[in-house]
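Provided herewith is a single structure, encoded as structure tokens, for subsequent inquiry.
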Amino acid sequence: MELFLAQLVSGLSTGGIYALLVLGMNLITLVRNVVHHGFSHTCIFTMAVGWLVYNKTGMPWLAFLAMFAAGVLVTVLSEPLFRPLSKRGADLETIVLAMGIGIILSELIVNFFNSGQVLSFNDEMKIFTTKFQVGAITVSVASIVALVACVVIAIIISTYLFKSSEGRAMRAMAQNLRVAKMLGVPFGKTGVLGFLIAGLLAACIGVICIMCLGYCNAEMGDSFATKAVILMLFAGQGDIKGGILSSILMGVVEAMALAYLPGRWAEAIFYGFMMVIIIIKPNGLFARKAKN
Amino acid sequence: MKKVLAIVIAVMMLSSLMAGFAFAAEDGAEGGAVAVTEWEIPVLSAITGPVSFVGEPAIWAANYAAEKINEAGGIEGVPVKIVPYDTEFDPQKGMQYITQLQDTALFIGGCVAAPVCEAEAQVLYEEHIPNIGSYVSSALDEYAPYICAYMGDSEILDLELCKEWMAAKGYEKLVMFYSPDDTAQAATVDRFAQEVPEYLGAVEVPTGTIDCGPLAVQAMNMGADAFWLGCRTEEASKVCKELVERGAVESGEQICATFSAMGAGFLEIAGETAEGTYAYNMLDVNCPDETWQELSEAYKADHNGDAPTYPPIQGFYNMIVALKACFEDLGITGDPAVLQEEREAIAEWLNNSPEIEGCQGTFSWVNGVMQIEAPVVQVQDGNYVVVTME
Amino acid sequence: MEQTNTLLKIENLSVYYGPICAVKKIDLEVKQGEIVAVLGANGAGKSTMVNTIIGLMKAKTGSIQFDGKELTKMRTDQIIQSGISVVPEGRGMLSEMTVMENLQMGVYHHKVDFNSNLEMIFSYFPRLKERQWQKAGTLSGGEQQMLAIGRSIIGGPKLLLMDELSLALSPLYVDNIFKTLVQLRNEKGFTILLAEQNARKALQYSDRAYVLDLGKTVMDGRSSELMDDPFVQKAYLGA
Amino acid sequence: MSSGLAYFITLVIVYILVVWGALIPFRAGLLYNGTVYVMAIGGYTAGFLSKTFGLNFWLCIIAAIITGLIFGFIPALGFARTNGIVTAISSMALIFIIQSIIKNIDFLGGTRGLRGIAKVPALPWFAIIILIIFGAFLYRLFNSRIGRAWEAIATDPQMAQTLGVDTRKMTVIALTLSSVFAAVGGAVFAFNIRVIYPGTFSFTFLLNVMTMLFVGGRFTQWGVIISAPLLWSINVYMPEAVQKLSNYIFAGLLIIVLMLRPEGLVTRKMILSVKNFFKGLFKKKARETV
């Protein structure tokens, strides 16, 4: 029982991180019909920038500021790369392009930050280091903060996307670029705005990952990216609520698999399960009705 | 008919293109030939990539050794030059270099990473090229006499340390944490299962596990009082942290880590929880030996004051030193006409070598296994300190 | 309906798709409060003309004057902002969004009172009110066309461009929709430019018409006169 | 031929075969990332048979084709139901699944890898023969009824359906044939590198394949024949400093080509003009001889 509870708690906190990543992916699909495989790499990149700034200056707030700047810079600079593809309506190619962006970011982390070694953060950057201990069960304040932040950010983003006129315009552009243009949505400006928000979110995820994990390296980008992309499809592209639910669910499932199944099978089970569900329900687990 | 002709023409174009490319490329590949005016020693190492923290110092040490030898007049009066090849921890890349080198190289040094080495070993054995790299004993037997290990055999040493440690502390039940992706560790686990009576079981730590809490709890549920960390540094440090924080161990002494687990960042991530943990470092960082002190100073000067901590430094230094002894002992000429004979002679010599003066005392090889002191270290106040197991 | 105020004036307009000329030296004029139809078969250049007016395609030569502004040098969003609305070919639904959201998108660039205009739209198209929370993709063809028209007039545009309004609709629906358009013009004073393949209906409900063929204007005049023209009857009305 | 060169040529041919494997689904309007998964299966089949039973090269290749057909067909049945983006992403998961499965199979060497694959001295020549056979097959395939059906699906799936094309069946055929190419590529790869690990068939490999596909041109089968040797030579024959940048170069080229030259280096137009040139040449000659 103790084992089970410990796993549940661990799974929830891992799920919180997945949920944020999936949220970011969903944001980008909703503002520009792109499955951004490189989004996770962007998050890790902001962490690396934060690490570098902190180690050079010793000022955590400056590091956090730099993280937000880096997140915004990366996403806003990558937005024009997607433009010609979106104009052509080449949705499949955008996936490949996003992978390309991911590799470049990973390579940058390997080459320019601590020569490819693990970047670990100290307590000043982690902010919340308190932990509650009940037997083998550890509940850290950081993971509670992560879960709460996840829900709050999701509410803010979905309110913005679904209730504000700018948000609507972004979604319109992702659904049908031509029609959105005919309705007067400025293509460049709205796209940049959407990616800017995604950049801020990437930095937020970076900060939360620093709090919860306390370290990062280039490989993390890859392993997060594929999981997050598949989780997003699993819940249904653009389904914010479903994305969060299924991320947390998968976080728990993964923790349970680690505990009760041989570790080597965990990955096969994780991906196999999701693939089967995706093939059975191509529009997402939470999709009520297939498109007509 | 026309269609067939068009296909034939296209195929011809294709093959001529390939051939043209091939000939153009052939010229570039000639660089690896051994010139008699200079000993070009190709050395493979993961200079960049995920294990660069081991690979870069290693290649540095090889270069340092070459410099030292050249200062003293080279090998038989001919200077040595290290030609580095960066495998990036990718067996495919390593194989590519080996195939480029296999027609001309007298000796190939490295690599520092087990997967790359195992990929190489087969070709090295078939082509009879002597090599010193990172091997465990099972591979050494299979490909004798052409490959040697540049440091003590971790498979055997780990086992010995583990037995000593458990006997000295009186621990009764052992759980291993290991990475299923590490080929060398997989071999060690098999060995432990057979030879350590206190062995309870292994916990697989998949690469990139985010939260190691579940794994720690799993090990605790097995009821062990001793924990062996064989997984990669990144996960090992987290497992160590979880074990201590969740109260699985009373002190760090109940945890023992292998060399691969105690890589860069272990102390940073594990922090205070690493206190008291044991490990083999296979390298005595504070060895009073004069050569080592000199090397250490030179290393610090080149690396912003960071001290050398990884055993391949010693291993790669010793490799070049051994090569000098070997070449001089055998009177190697480097003449391409007798390449095959000289390769075989070098391999035989290295595989069971006489005592050679290294940077931390003497060393030798017996059936390719390096015979060298491997000190036990313990984390004390955030530093590795050499200790002895009572 | 005698207004002299010219709202849209196209002069000497040519548009190319790469080397292919889609629109050749067209002149066209729309006056305030008129319903003007542009007729022609598939590939005559009607849609190209509409797309060029709203800036989705670039003109090679010629000018488009709208309300005193030169449109050929403006971006699409600026053109829309200056008071032109489009009902795109194929209705252009944002199918993942609800009917309400589609209507809200219609006022993206127009500073108007959304709620009162919404009432107006619902009074013309009561079906939309019933389905306002449904996703646009689930509507029937006729309802989608209503939504497209509603979305284009909700922002109170000065000029309404309609591309292939009658495409893939039953004849009864087509009549209904054209009647609504005339009603809108009479009651709200909209100016409408129709690009239509269905010449009979278009001539029936419009004031004036232009006939395009292979990118050139071959005829223009009052709709009632064109209706009786033997060439038009033979080529476009199938008489 | 020096061994370095032989290794290079064989590896380039492996890449060409696998890229062709990725090209076939693209003809049918699909982005299929499962090629690397089938490559692993083909590679392990060939490697295992060669090591354990000492089968010769050609028998191993035939075995790889058979396993490729089987293991390509199974996921293809699933992917026939899904749309483009879902197929692209979820087929990526296949790579992780197969890696994980191979790690758990002891007779394939598990994480320790499969060693002891026989040495084939004439490997580059064999590879060239395979390349020519499969290249000719691909050429015939693209100009066959099936090829035209794929093209119709890629242009407009709904229209293709109204023309009587069974899109599901065609998708299954495309993915299965793609798997055969990838499996053969994997088998040749195994004989070339002679030690295979589950981790060899990784995401990085997929990205190399994608770069070669897009840079070479994904509308013709000829593009990759130029792009694969050019790109891979960056990794082998360029100065060390350039080799270090190879990942940046690959990713950068991929992005630039996707943005600015969607057809890639070799376009359909170029192939057409080359064809016409040769046709013209033959006609003239024919006239002269008459």
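Order of writing sets the chain letters: A, B, C and D. Residues in each chain are counted from 1.
In this text, a contact is a pair of C-beta atoms (placed from the backbone, for glycine too) under 8 Å apart; a residue touches a chain by one contact, two chains touch by 3 or more.
Everything quoted here is computed from the prediction, not taken from an experiment.
Comparing the centres of all chains, each the average of its CA atoms, the largest separation from chain D belongs to C. Chain pair with the larger contact count among A-C and A-B is A-B, by C-beta pairs in contact. Chain A and chain C have CA centres that are 43 Å apart. Separating the CA-averaged centres of chain A and chain B is a span of 36 Å. In terms of their C-alpha centroids, the spacing between chain B and chain C amounts to 74 Å.
As a whole-number value, the distance joining the C-alpha centres of chain C and chain D reads 49 Å. Under the contact definition stated at the top, the residues of chain B that touch 2 or more other chains are 48, 180. Chain C has no residue in contact with two or more other chains. Residue numbers of chain A whose C-beta contacts span two or more other chains: 262, 264, 266-267. Contact residues on chain D toward chain B in their complex (touch as defined above): 1-9, 11-12, 103, 110-113, 115-116, 119, 128, 132, 135-136, 139, 193-195, 197, 199-200, 222, 225-226, 229, 233, 235-237, 240, 243-244, 275, 278-279, 282. Per the touch definition, chain A reaches chain B in the complex via residues 2-3, 6-7, 9-11, 13-14, 17, 110-111, 115-118, 120, 131, 133, 135-136, 138, 213-215, 217, 219-220, 223, 255, 258-259, 262-264, 266-267. Residues of chain A touching chain C in their complex: 162, 165, 168-169, 171-172, 175-176, 178-187, 238, 291-292. Chain B makes touch with chain D in their complex at residues 2, 5-7, 9-11, 14-15, 17-18, 21-22, 25-26, 28-29, 48, 86, 91-93, 95-96, 99-103, 115, 118-119, 122-123, 126, 180-183, 186-187.
The touching residues of chain C, counted against chain A in their complex, run 54, 56, 75-77, 79-81, 86, 88, 92-97, 101, 104-109, 137-138, 151.
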